[in-house]
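Labels run A, B, C, D and E following the written order; every chain starts at residue 1.
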Amino acid sequence: MEAEVKDQLVSIEKPELIAPPNWEPVIMGILCNWCSYAGSDLTGTSRIQYPPNIRIIRVPCSSRVDPWFLIKSLQTTADGVLVSGCHPGDCHYISGNYFARRRFLVTKKLLNFVGFHENRIQFSWVSAAEGPKFAKVVNKVTEDIKKLGPLHLYKKENFEKK
Amino acid sequence: MEQLLVPMICKVDKVIQETPDIRTYRLTFREEGLMDQFSYLPGQFVEFSLLGSGECTFCISSSATRKGYFDCSIKKAGVVTADIHTSLEEGDEVGIRGPFGNWFPLEDIKGKNLLFVGGGIGLAPLRSLIQYCIDNRSDYKDFTILYGARTSADMCYKDEIKEWQDNKSLNVVLTIDKPEETWTTNVGVVPKILEEVVKPVIENTKVITCGPPIMIKYTIQSLVKLGFADKDIITTLEMKMQCGLGKCGRCNIGSTYVCKDGPVFTNEQLKSLPDEF
Amino acid sequence: MSFTTFVTDKAGLQKFYEAVMASRETYAPVEKFGKFDFKRVARLSECDPVSPIAKTLSIKPLFFPRTAKVMKYVATSAGTDVSEVDEDPLAVKRVILGAKHCDARSLQVLDKVYNWDYIDTDYQKRRENTVIISTRCDKADTHCFCTSLDYDVENLDALDVLVVNGADGKTYLEARTAKGEALLGETFTSDAVRVTKEEAAPEMKKQYDAFAASFRLKMDYKEVNAKLAKIFDTPEFENVSGNCVSCNTCAFVCPTCHCFKISDEKVKDTGVRYKSYDSCNNGYFTLMAGGHNPRPVKYRRWRQRAMHKFVYYKERFGENLCVGCGKCTISCPVNISIFEVVSQVSAAAGNRQ
Amino acid sequence: MNYTKQIQDIAAKLFAEGKIDVFVGYRMNGFDENQVPVLITDPQDVSKLVFTDKSVFNLVNYLKTDHTRRKRVGIVVKGCDSRSLNLMLTESQVKRENLYVVGICCEGVVDDAGEKMQNCTDCMVPDAVVSDEMLGTAVSGSGTLTYKKNADIVALAEKPLTERAAYFEEVFENCIRCNACRHSCPLCYCAKCCIDQETATLYNGANTTSAAFHALMTWSLHLAGRCVDCRNCEKACPSHLPLHLLHKQNESVIYENFQEHLAGVIPEDRGAFYKYSLKDPDDFIM
Amino acid sequence: MARVGVFVCFCGANIADYVDVPQVVEEVKRIKEVKFATEYKYMCSDPGQGMIRDAIIQYKLTSIVVAACSPRMHEKTFRKALSDAGMNPYLLEVANIREHSSWVHQKDKKAATNKAMDLCRMAVAKSIANEQLHEISVPVTKRALVIGGGIAGIQAALDIADARIPVVLVEKSPSIGGKMAQLDETFPTLDCAQCILTPKMVDVASHPYIELIPYAEVLELQGFVGNYKVKIKKKASYVNFKTCTGCGACWQKCPVKVPNEYNMGIDKRKAIYTPFPQAVPNKPVIDAENCTMLTKGKCGICKKVCLPGAIDYEMQDEIIEREIGAVVVATGYDMWDPTPYEEYGVGRFKDIITSLEFERMVSANGPTNGVPQRPSDGKVPKNVVFIKCVGSRDEAKGIEYCSKICCMYTTKHTILLHHKVHDSHAYVFYMDIRAAGKGYEEFVKKAQVDTGTTYLRGRVSKIYKKGDKLMVRGEDAQIGQVVEVEADLVVLATAVSAPKDNPELARLLGISYDKYGYLSEAHPKLRPVETAKAGIFLAGCTQAPKDIPETVSQASACAAKVCGLFSGDTMKKDPMVSTINNEYCSGCQNCVKVCPYGAIITDEVPVGHGIKDLRTVAKINEGVCQGCGSCVAICRSMAITLAGFTDPQIINEIVSI
């Protein structure tokens, strides 16, 4: 039964493309240094287990995240991205996450508009104390993206020629 | 043309730190036998790819008369050259396309007095010709090298200059822009030393000059003042190049493609070009 | 060698096109967002061989792709593997339908630069393997001036098969080269009449004359060539480039512009070197690593563009680097016309002298 | 809508009073009924100036070129143009004291085919918001501005994801990477565009679908909250791509979620990305 | 491009049990730029660090990747190892394969190993774009400015000055002392405020490291941390403090009488006055608004009686400039004006007074010599009603927040009343009693018992006059009935509000303030005394309402921060700050808007291309920049680079999985 489901795993944006067997998504996690990265460290020190699909990049603040990074990730290596920062009001740099929040919403909606499933671009607020939450977030994102299948839109790996 | 744009892989044999911002890379081809086939003449250049970083144009600073390798001297100027400086060490690989461009008029200068006027990294193309001429010393008459740099530390090919100074058949004049404590010879910009110290013979002399644009400009002015004919002043032109094949259009000045028709020009030719370099 | 001329009707022509499509890889104008670009087609219904010239991009990308992969390299500690690109997808035997005369002519002009010194073998291969079927326009567009330039539009031999819709309702197909002859011979199965060139000539001439009479723009290219060659420093260039927004689209749609840039793109340990279009109107075109730029301001770049088209290329290769297609003017957001520019500059310069 | 006479008079007066070095307006293109921008430096040429509903191009674009920088400029602006001018002023790209702005109460312009442009039928700010002198009578009512969501994006948003993806793939595939869109945009004035990176891992200049996607997405995000919907980009695009879709999408997201003003309507307002509110939506974040 | 060395740590079994370390090493060795890779039990140990040092030299490495625990753990350790080998410490990258791989994927060694390899590849890719960075050192002017001479300012000034750091103390009024000088006794110990404050005031005046500038205000602050320039306006006092002996002849003879602010207007002072007898400096000033000599040119008595000749009617405001390195803002608080409480009859009934007025009345040096009196008739009140939360915790009329000190001072007032008028009875209308603090709850409990005060839980709804008494109607929520209390005097425990000048002060200092006007701290929990602007600190009620012990602690904390800042001749800062590439900067100044620290200013640079003109570009003050990267992400021209997190670095990470 389970094998059957796996066989039918297609790319949600391009249903004609079927995921290879045992396909595992790659998720790019961009975390702010002060809250979410510390939170993810706490997940580690608490030995809370989560799926191994996420690859973590450390940035000083969620406001450092240029939408470019998300686009580039989706175009090259990732099937989905997760950006995580401090809870509103807790930004180490006072207001960075507020600026970031606006950019994220617009970027997410725009990417969705041009054909990316909205679950491929996800955001979370995880504080340094929320080790369990980080694991939960990663679980959810991984699960979501596994359902969407591999991302094939505008991938650079083929270096296609028109 | 795509295959003409594909570089051959070369290995770095040796790295010589000439000055704080100039390095000479001694290269050979990775594939055996290619080095022997690689024939070039003084003045020609290669396209040098640091794969993953980009491609740059450099002249070959050695002469094909010295077998088994070729040299490229690289000054840190932009992104790619800075990358080359920090990362390229002995044993590493680079991509090379070439040789491209024309060369110094070797036939024309045969039997003539030679005056080389170089400044800074501009000695690199001259070095190729100087080595070539030294290796065929009997073909030429008087042989003068005037080389200037901002400071004594900025002089490249220090060891080789020493050899030239020891060579009794060469007249080597060195100068730096500003006085330094340990510097015992000439001080002053190249055109000044040219007029005041070198005082070249005009008759039957070919001048080959290369250096920063500003130096070339004033050197040519003083050469003309000294009485040299435009056709006897030979220089190399710097222009943005990419393909090296006379196709990409970047080095186009008037109906001339610097990468094909140059980079070596006589002053006479330069005068006929639109003033866009 | 004498070539065949067929006379047929609209249906016969369609049948011929369909036969071509069935037997060869075929490229023809395909409409997307109201603009035609030459794309691979399998059926006649997908394309429009008589697309309006004002809305059709040139065939240049089929010979000189907008982006070509030069090479691929994989750099690991074991060494750098440089591999040339896989099979050139454009170097197969193919046919282009619906090319305009100016398009065909542009290839003749480009041949000169591509076959100069280093020979662009890819380009040559593509040229050799391509048969161009070109329908002669019935009417000149507002910005066309092909008849004013240094080539014989009527007897153009850059195209392989000429299609003329005669005023008499008949369609004339004339092979102009051996390639065209071969294609016609192989695929033309309709019950059309084979005539001699001379027999078809009057009707063809009539069509051409009507076409030639429809031109709004006319100039004397020799005078322009001669005048421009003398006036490098005219301030007129600053005036004519005034409302240019430096958008570069002229160069990208021009069938004869051939400047390109080489750049690397890298993901993981794999890099690809691309050769892509570039434009001399781009401020970075001649910027050197040290910061020196011989053409830092707009009018100098415009001068380069105009002079390259009408002086430098002519001096070097004997042809104008312009085929009079007017594509640049149509695409230009502010309708700057290369025709106007060179005529105005040369006229103004002439007045001054 | 015909202000030819008034604009000619104004330009002549400004030249006569020595207030400007160059006047940016429209002239007939010389071959059909359409107009092109013109930069007038010689007072004798003011008779070339025209202004009708064919005066389409956003002239503010010229304020970033060699011909107008560091000069005193007279310029004609419609509603949308004036908003971009407002942003140029806010972003310190031009100095107000160097400008003489002729504002138009714009009744909408028409495209080459003579049909009213879509951005004009949707126009929410027809009257110039910055001017030294206004021509015409105010078109916009005095009531509060009601946001008109672009019909194209509404229709697209309703389509299934796969169709949208296929549609946009076609858009990006047909891009020829000439960058005319950004050069014709008055608000793309950067000395060097971020898309023109030369480093290999950052490079995006090739004419591939993925690079076009990247470039246009980045471009539209840089104009999010700033685009004034003048459609210079679409006018310049040689492939006639529906570039407004990206901008209108961002605009609607910003308007609906952040309750921001339309770009460039308020002086000194830099757009949605350069400020924030504690009340911004948070529900899309885990 | 670079020459990278990779060092993978076993972390004992922590990593090695779940990640196949040798396989990771083999994998990274495949990367072109990796010239050396190895593994070790504990990279952070001395031998481990030694391996790094040796490899750097042997393989001419230009950057180092250590794959081990979180960079938050050992980044500093490894940076030091790089430094020891003569390499720039910022060429280090740490791949976090413990917290992010081995510890969280313990059940799947293959997946954990794969992930560890990816993380290493990413770190290598990032390190390729690493650049040499150097700690930023900013020169420091070792002098502090303290704004406000209340207890907070006094404490901060003394603590800083005791560390032999010069302090400039600016006080708005003629004397330091602030609100505390007006208090009689202080809770919960009931020690006399004057007794504990005045010695400190005298210390300030006599401290060799303190320059006291009373009767002055700050006009302008320029510069950045360690390098501020302040302009202070010293208001004309018309008395030459140098020659004045403080004998008091002048104010005794002065004929003009005006309400005395120190005593809340209950009595009068003269036009030339010292605010209170213990004032520091104990020199009089002339109140220019009321002095008839200054307003009308008539009088001149004080000048006549002044033997030292210290009076100078021609004196002008003086602008004093000082170079300073840090600022402590201690502007205290204002008492909230209860006028909105119309139903209480505030303003209509004379016998309703505020708590501070009551404080003055019961003060031994107060206008009534320590015995409370009804303002209407001067009688000693017997029944006194205290109403708490007047203004506080009242969104409708007052302020949302709790003023924190009212519960305690009202309790103190009931005690003081009981002490001064033995047969009095106090009623307290209250919402809650908030007595969190050392000895506070005990103090409240004891006071209730000792004074027999009637506590009524509920809001007062109305006060009206009945004869010469005030009838206070309120609800007693505990019995659920409306109660009315006949009062001789009503004391309103008015809220603490932010000084009304705070917004303006915040603007001129370049710091932020909240919606009430309190100055904002950098972080509510972890950086409560710093502001977002480096080198500016907050002490006391200017940040939020506080009691004296808290104020003093915060002031001392400020002093510690200032001393820390001044501990070297230069300040060391992490080099992870933004820089602007002038060539690309288009001068749109959007970055200025998003910078939370005001670290970005504008600069003018030549246009170039032979054009002789200037253009505006942004300029980042690296002394102020904290390296958040907000500006980098919004810079459309990519003209801003954040060292340590550059675009090439992050993109390299993204593309190299």
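Couple of notes before you dig in:
In this text, a contact is a pair of C-beta atoms (placed from the backbone, for glycine too) under 8 Å apart; a residue touches a chain by one contact, two chains touch by 3 or more.
Every value quoted in this text rests on a predicted model; they were computed, and no experiment measured them.
The set of chains in contact with subunit C as well as subunit E comprises A, B, D.
Centroid analysis (C-alpha atoms only) places C farthest from subunit E.
Centres computed as Cα averages put subunit C at a distance of 32 Å from subunit D. The centroid of the Cα atoms in subunit A and the matching centroid in subunit C are 46 Å apart. Separation between the centroids of subunit A and subunit E, computed from CA atoms only, is 38 Å. One inter-chain figure worth recording: subunit B and subunit E are separated by 64 Å, centre to centre, where each centre is the mean of the chain's CA atoms. Multi-chain contact residues of subunit C, defined as those touching 2 or more other chains: 66-69, 75, 80, 261, 263-268, 271, 297. Subunit A has residues 68, 72, 76-77, 95, 99, 103, 156, 159, 161-162 in contact with two or more other chains. For subunit D, the set of residues touching two or more other chains reads 192, 194, 198-201, 207-208, 211, 273-274.
Chains touching one another form the pairs A-C, A-D, A-E, B-C, B-D, B-E, C-D, C-E, D-E. Looking at the complex, you find that subunit E touches subunit C at residues 29-32, 34-35, 609-610, 655-657.
Chain contact summary for the complex, subunit C toward subunit B: residues 68-71, 73, 75, 79-80, 82, 84-85, 88, 113-114, 116-123, 232, 258-264, 266, 271, 273, 275, 278, 280, 285-290, 292, 294-295, 300, 304, 307-308, 311-313, 315-316. Those residues of subunit C whose C-beta lies close enough to touch subunit E in the complex are 75-78, 80, 266-269, 293, 296-297.
Listing the residues of subunit B that touch subunit E in their complex gives 50, 52-53, 83-84, 86-89. Taken together, the subunit D residues at the contact with subunit C in this complex read 29-32, 34, 36-39, 57, 61-62, 65-67, 170-171, 174, 176-180, 183-184, 192, 196, 198, 200-201, 203-208, 211, 232, 235-242.
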